[in-house]
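Okay, so chain A shows up in both of these, paired with chain B first and chain C after.
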Partner chain A sequence: MDTGEDLTESSLLVVVLDVGLSRATTLRNDPVLAGQVLEAVIAFSNAHMMMRLKNLLALVACDTETTEWIYPERKADMSDLRQQDGQHELFNELERTVRRKIAQLLKRSAGSNSKGESMLSGALGRALCYVHRMQQEERQLNARVLVVTANGQSVSQYMNFMNVFFTAQKQNVLIDVCCLGPESSLLQQGCDITGGQYFRPPQPQGLLQYLLWVFLPEPLLRNKLALPPRVKVDYRAACFCHRELVDIGFVCSVCLSIVCKFSPICTTCHTLFKNPGTLPIKPKRKKAKMV
Partner chain B sequence: MAAEDDGKEYRWETGYEKTWEAIKEDDDGLLDGSVAEIIQKAKRKRMLERKSNARLGMMRHIFVVIDLSECMADQDLKPTRQICTIKLLNAFIEEFFDHNPISQMGIIVMKNKRAEKVSDLTGTAKKHIKALHQIESMPCGGEPSLQNALEMAMRSLKMLPSHASREILIILGSLTTCDPGDINQTINELKEHVIQCSLISLAGEVHICKALAKTTGGQFGVVLDDAHFKDLLLLHVEPPPAAAKLEPALIKMGFPHHVTGAVGQSKDAPMLAICMCHLDVPSECKLSAGGYFCPQCNSKYCELPVECKACGLTLASAPHLARSYHHLFPVAPFAELPFNAGDDNDPCYSCQRSYSASKDKNIYKCGRCLQIFCVDCDIFVHETLHMCPGCASHPSTTSQLK
Partner chain C sequence: MTSSEDVLLQVSNVRYQKKTGTLYVMNERLAWMMDNRDTVSVSHRYADIKLQKISPEGKSKIQLQVVLHDSAASTFQFTNVGGQAEQIRERDSVKDLLMQLLPKFKRKVNKELEEKNKLLTDNPTLLQLYKDLVISKVITSEEFWAQHAPKYVKENVGNKQPIGVSGAFLADIKPQTDGCNGLKYKLTSDIIESIFKTYPAVRRKHMEYVPHKMSESEFWTKFFQSHYFHRDRIHSGNKDIFTECAKIDDQDMDKEIDSGIKDPLVDINSFGDTTFSEGFGVGSDTSANSHTGNIVHQNMIKRFNQHSFMVLKACQHSITENGTAENGQKDAHTSSTVAKDDGDDEDVTVIKKRRIQEKLTYDDLESSSSNVAACLNLSRVDRYLHGPITDTNSSTDVPAEKVSSSVMRELIRLMESPLGSSHRNPAALITPALAINAVGELSPGGSLMKGFQHEASASMTPADIETDLKTLYLSVCELLRHFWACFPPTTPQLEEKATTMHETLHRFHAAKLKPFEDRVIRECSPLSHNITSHLNQLLNSAYRKFAIWQQRKMQHFR
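Moving on, here comes the complex of A and B:
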């Protein structure tokens, strides 16, 4: 059966799981549901590994304080790896490692501040470094990153996120986002830039179904399926002074910050500007004015 | 009688001692590894020397001048100098527009003692790649004329507003030039108009080229082989430190949003319009509703960034500007530490690769977050990612701006 795919190609999926789920109102009120998010992610990871023998998987978790590498572990404890309940050993090991390490992560951050933003950009950076390493080790690899998060807008990490998105675009890595909390236009931009899928499940109880439907197919197969339509992203810039979207703005040539009205001094880099006049036709004339 | 330790020693007067010892063969008798190591060490040295807060010229207008004289058919760079140059320039153009999205580039060729403008100053890469394709099949002939090419580039560059950085990059394969007048006069004019000229010579060092580069503040290099050629070319992808006379200005820019043109997507009825970018090519001209509309004059364009032909407003989108931010806030170089094989080390922080004594002679530590990285991740972080994953993983070190 010729599906047009190369059978020797392997597919790498990196799941970035945001453990700081307290921003999602549905999950905050129902802790059982919050636990089911982890179950859904584990089942989804197993499903990915089942798709092809050579598929690869990695998992990174992040919360408001730190990021943690969950799977694969370097020092794998192979001593008690035996078949249990007829489950494939690989899935067994995956499940146990993920549960153990997420439990460690949650215990460590039990008493700390959960009001800050999740360190999602750091986790994405680590994921991309791993993808870079795998792309050099394996011949044919298509890689994608799935972000499961409830984080809303994150203002302080804008630069880091943009760097991550442009790097992913360069490496041909898709970034898919499954958003459980408030809408995030920054992550929408990322999906648009890299060609990934942005999706917000209407019912968190059915998370596993949505993951399997939308995010499991490989990039090559996606144009043959009817996936949720692409979100229309507003790429207009926001001015630095009011944080409002502008159609026409002024850009400082030194620091590239955007303002909506002319001002004689740039607020970000403190350079002085001359008064706006008509642009001089001959530079010599301007020199005469200065003298 | 020359003193024994004369500062200006020639190479044949034992100015260099035992240069062959710098290059060592690896186990298979190949030199590639040591050449790559030398290039990497030079890269690190350059990175450490770069000052981080120097003002950079972000909006760059650069003319690439390509030599198409007889000596470009020479085969010392495989397959011929001309083909090798074009191939490397393709890579250069892509990298250039990746790092400098709001810049503009033009291409000029020199042949038969005349200069010819192949493509004018534009901000889209596609046009230049097509032009390069044309150049590849052009026959080489005649003598190059440096002065004609410089005059042609200067005519366009001196019209530009003063906040834009003006550059010329010349790739010269010949050791001679055939000029109609005094080239020193042209060099002085270039210096007056603050145009930076850089040269890459494929043949050898020529005094006038070095003088041109030095007077105008550019860089001059001679290639050793094609890998070195690529390295020298890619040096020019980074924005140059702004010349002192470059005036900062607030540039008026438009940020159009994309209209998809599908029925029912926008509130108003979709406007059918012909795009302004393909006006001179009637076959590619499209009458459609989707595209980017200039906020000032409502003319339609297919792609950004572009300069509106009707009202002169520069149109761009926020991600284009964001691509240039990493030049302003580069990642600090990591400290190089020797690797001790005996300790039970944690794997590399970002890629989780275990260190091995053969591959990792040095490991790298970030000064802010104190995490350890392997050599591949060090290169990846500094050249592609522009963000330290360790710093981004902690709330105290995450923001480089504030």
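Moving on, here comes the complex of A and C:
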């Protein structure tokens, strides 16, 4: 029935794939494993498309220099859209496109010899823009972003990440993170803020199973399933002067910069502050002395 | 007399059981002392007295009987030498005094118990607390009512609103024909109350005439017979007790009309029923303002106006008596006072504008005043934009290594094949063993699902244990509330209370919590102590606080 179809919600999944391998300790020396990871991601994307006819998928890849839009392509190359071993054309097209474009991206980055942090926040930004566009086009849409990364923390992009996370929160977009490398507290914060799932598979070889179990369910279904419990997130801010995480500090009320020790002039905005001195001590009650 | 109560009334020549003596009416009791004695023979507390009776009129003996709750009765005979009238007077004075005093004491004893019962039945939480704390002897019943119940008691005490007067109350007294040309009027105390409120003159008459000159029924019969009540008030000729009332009413009306309407927004003159007469008003003005109307009609209209006026005045009086004022009344008063003070036209318009403005604007719907924001001058703009970068994190970070070209080549080669390896060999994606491993880790109880113990226990508890746990929480939280309210103990009473509450908590722990835990372990062992761990935590922190406080006290006293 047409009315039935209109009422179902479609689910948009945007996969953000971090292809920068220079900091990925587990993957940079093991191409087979890296290839397996990529294939698992593709299979997972197919599984998502298989869940419902109206589901949508997008893929963004990023490495140390660029972010690249992988899927869906603007100009579809229809040349080799022939069925092979009975696979559904959609899945076929998806796989071919993704593999081709990632190969192109890898070739470019191999040629440029760059190393460093990946442009993950930029890729997330592009993903959110796509989500925003699809939310205008589709009437009922729930969107989530899956970040697959093998790199650790990208501290230099702290502010960008925070902007992305809060934007996603405003747009009701979940950000899931599948972290193959070292723990990233920044991404953990993002998952916590948006309500997504942060997961670190103990064995990268079994990645597909982990992905299917943890990240395939839609947001509404998740609270009915027993998924891995939320981790305790370290929300401590870093002070501006020493760049160390502080529990208790001083905040400038004008520019909101955090410092660990009091200074009469805020270093960022030059506001003057009065010295608070010591904290006021409550006058001790005099107890009656026994004679 | 050795008692310390005040003697309100003393009547001599009162006989009790054939002996003469003196009757004393005191603050809390009624006492009778025989002549030539100095100890009281008979004494009855007002609280014990159920009711008093007087001998009917016409009997030779003038007696007053006091009936107690346990059906014992004492009869006092008034034997004043001055004669029956004196005796009657004395007896009536005693009776009146008792009538005032008895109600105060009468209901106290039962009422307390009744109130307590009502409270317990109305608040099931209070009942539960009572059962847990008092019946298991954790705290005594007096402590319970003193400390824990007042919160619930206070809810019942509210401001009683005065009941207004219905405009139709006189009409509601529907007369019933008696069969033989008579009319029966049914009067209830509410109607009487309304009549008194509306017509204070009638109340004055009532107080004068009843019960001395005539009885209640006679008074009301006269009232209904008089033309004062009926719509045709031809009261010039009759010698009725109510003619005065009518005259007073007339005078009141005239006074009010003279003083005029003080509300500037009300324009009485525009109430006229002006219609376009024949000829669309151009013709001669005939019927609108003529006074050729029936006298009877005019009288009736005057009656209506008077009645409404008295009803409104009654409500106004009751409001100002109680000290609170309705908004409309208040406005009328304030605006009237302002008008009276200045009496200028200008002020009248100001008052009118103010009144209209009050009706138009709602203060809490208006937006609050906007704050003037300070301008942000940044010197280190990059700091503001990019935030702090934690150095420590980056130091522990993995140093970026260039990926070896061979690896890259291999990877590119893998990726360049249009279809993945899974097409040839499905197990290349994931081996079954690894998949099963992953599933095992992710299932409840697996290595990745560690935080779920507490959540699962909620579904495992049987219903009766759950309810018991809830009641335990209720009692513990109530006791802890009182305990923590004692800190910091600034007065000796608070210190005492803290000590008693501490002991109470220990008693509760032993009497209620331990058996519950044992029961849980016996009946539902997978839960074990997790379910009561929070309760234990609460109690332990209370014990700790008490211990620290005791320690500090000891240190100070050294």
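Annotations
Just so we're on the same page, the second predicted complex is superposed on the first by the 255 of 291 C-alpha atoms of A that agree within 3 Å, B and C clash if a C-alpha of one lies under 4 Å from a C-alpha of the other, contacts with A are read in each partner's own complex, and residues count from 1 in each chain.
Keep in mind that, in the parts below, a contact is a pair of C-beta atoms (placed from the backbone, for glycine too) under 8 Å apart; a residue touches a chain by one contact, two chains touch by 3 or more.
Quick caveat: nothing in here was measured; it's all calculated off a predicted structure.
Applying the stated clash criterion after superposition on chain A shows that chain B and chain C collide. Look at A:Ile258: by the touch rule set out above, it reaches both chain B and chain C. When the shared chain is aligned, chain B comes close enough to touch A:Gly122, but chain C does not.
In the superposition on chain A, A:Phe44 makes contact with neither chain B nor chain C. In the superposed pair of complexes, A:Ala237 makes contact with chain B and with chain C alike.
In the superposed pair of complexes, A:Gly206 makes contact with chain C only, with no contact to chain B.
Of the two partner chains placed by the overlay, only chain C lies in contact with A:Thr267; chain B stays clear of it. In the superposition on chain A, contact is made by A:Met159 with both chain B and chain C.
None of the stretches 361-369, 415-423 or 505-513 of chain C clash with chain B in the superposition except 361-369. With the contact threshold set out at the top, residues 116-117, 156, 159, 162, 237-238, 254-255, 258 of chain A are in contact with chain B in one structure and with chain C in the other. Within the complex, the chain A residues that touch chain B are 62, 64-67, 69, 72, 74, 116-117, 119, 121-123, 125-126, 128-130, 132-133, 136, 156-157, 159-160, 162-167, 170-171, 189, 193, 232, 234-238, 246-256, 258-259, 262-263, 266, 271-274, 276, 279, 281, 283, 286. Listed in rising order, the residues of chain A touching chain C in the complex are 21-23, 25, 28-32, 34-36, 38-40, 42-43, 80, 84-85, 87, 92, 95-96, 99-100, 102-103, 106-107, 109-110, 113, 115-117, 152-153, 155-156, 158-159, 162, 181-182, 185, 201-203, 205-210, 213-214, 226, 228-230, 237-240, 242-245, 254-255, 257-258, 267-270, 285, 287, 290.
Chain B meets chain A in the complex at residues 55-56, 58-59, 98, 158-159, 161-164, 193, 242, 247-258, 260, 265, 295-296, 313, 317-319, 321-326, 328-329, 347, 349-354, 376-377, 380-381, 384-395, 398-402.
Residues 374, 376-380, 383-394, 397-405, 407-412, 414-423, 428-431, 434-435, 437-439, 441-442, 444, 447-452, 490, 556-557 of chain C are the ones touching chain A in the complex.
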